[in-house]
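Next come two complexes built around subunit A: one with subunit B, the other with subunit C.
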Partner chain A sequence: MKVRILVSLKPSVLDPQGQVVKNALHTLGYQTVKDVRQGKIFEIELENTDRQVVEKLVPEMADKVLANPIIENFTWEIIEG
Partner chain B sequence: MKFGVVVFPGSNCDYDTFHALQNVMGQETVFLWHKASDLQNVDCVVLPGGFSYGDYLRSGAIARFSPVMAEVKKFAAGGGLVLGICNGFQILQESGLLPGAMLRNKHLKFLCQPVYVKIDNSRTPFSQAGRKDQVLNIPIAHFDGNYYAPPGVLTELERKRQIVFRYCDERGQLTEEANVNGSLHHIAGVINEQGNVLGMMPHPERASEKIVGSDDGQVIFQSIIDYLEKRAGSQKKKAAKKVRPVVSPLPPLIGNL
Partner chain C sequence: MKVRILVSLKPSVLDPQGQVVKNALHTLGYQTVKDVRQGKIFEIELENTDRQVVEKLVPEMADKVLANPIIENFTWEIIEG
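For the complex of A and B:
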């Protein structure tokens, strides 16, 4: 089974990189861009395909390592299997 | 007193720190390899600056899984003094030994420059050789030093006097321009609640001799030495013997990555 985990800064945390990307998009004329948040993607392949186990493991891994819960949130989805 | 400087793959201030402690401050100093499970009876552990594990994932995020960090955690839990400088500070945050996290600097630039910080709490083992509000000239060198903690945590840090150093201007004023990386509450250094683990972004080891522009960093090392000597003295009823400064070649690092 393959899962995709999206890690991004919490809405309450300033994202200077997102701000710069937003400004760049404005400069290019994309005035309808209201906000940009930058994040990270992890694609993880798992041996276990038992959905219940995966649903427990993935958030655990994200909490422990992939995201820093003080500043980041994460979402995840199964993309294969 | 005996100091241990931890060496992670990617540490690059380890030798500077070793030099400052051994040759400038005259203390017995050893390197502690990241795979070590023995802290060699040191009195103080220093996590030096650098780019441990290439700053992969997040600065300091991988180093916390090193075998030596399990020992450092035990050492800290037992009241041992731990000083984290720059990347060392980030590792202490990732390990949960210090509150908060580092965001990218506000202007998205790697900052390598001398800055002024003032001592906000001079009653810690890391700042007691200085005065309250004393301004120190110490360089910084980091990309992720923009201190962040949730509002509730910040309030507690202020209330418990855990903010030890703050970015300021030459006169000690907390101006917006002086807060070069955008840290909340101008935080440059914080201590844990127990008062034995300190993290700071400025590099005291790079400001330990006049010949390199400033020796203000000595305040931090001298504070630790004074504190440890007093502690040892009250235990043994005699002052610890100071190792005479020696300008000797630094020992080579031994160990495999």
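For the complex of A and C:
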């Protein structure tokens, strides 16, 4: 089974990387860009294919390793199998 | 209008960051993890709400700034508006 976890900064947290990207886009003439927020994706392949187990495991892994729950939120979905 | 662009390494490109995350998960006992690939998300808010314009702009911005087309692929979707 394959899952995708999206990790993004909470809305109240400043995102300097996103600001840099926004400035780069403005410099290139993309004035229509109002805001950019950058985050991370993890695509994880699991041997386990029991949906119930996966639904317990993935949020646990996200909380412990993939995201920093103080400043980041995550969402996840099964993308294969 | 808000769009989300997912940038990930091409399958043939090594992903050392993903390997480190995989090893961390194994160390914590998540032996069910077979593979981890890490990528980036950009959530971009646009002033422009003309779908046709946005469909031209977003891939252009991704090619020029957000992704390195030699080693990365991107997909994108409209998530708001």
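Brief remarks on what is shown
The rule is simple: the second predicted complex is superposed on the first by the 81 of 81 C-alpha atoms of A that agree within 3 Å, B and C clash if a C-alpha of one lies under 4 Å from a C-alpha of the other, contacts with A are read in each partner's own complex, and residues count from 1 in each chain.
Everything that follows uses one rule, which is that a residue touches a chain if its C-beta (ideal position, glycine included) is under 8 Å from a C-beta of that chain, and two chains touch if they have at least 3 such contacts.
As the structure is a computational prediction, the values presented were derived from the model and not from experiment.
Counting residues of subunit A touched by each partner, subunit B versus subunit C, the larger count belongs to C. Of the two partner chains, subunit C is the only one touched by A:Asp35; subunit B is not. In the superposition on chain A, A:Val65 makes contact with both subunit B and subunit C.
When both complexes are overlaid on chain A, the residue A:Leu14 reaches subunit B alone and has no touch with subunit C.
Touched by subunit B in one complex and by subunit C in the other are residues 65-66 of subunit A.
Within the complex formed with subunit B, the subunit A residues making contact are 9, 12-14, 16-17, 20, 65-66, 68, 70-71.
Note for the complex: subunit B touches subunit A at residues 57-58, 61, 94, 100-101, 103-108, 146, 148-150, 182. Touching subunit A in their complex are the following residues of subunit C: 6, 8, 18, 21, 24-25, 28, 30-48, 57, 61, 64-66.
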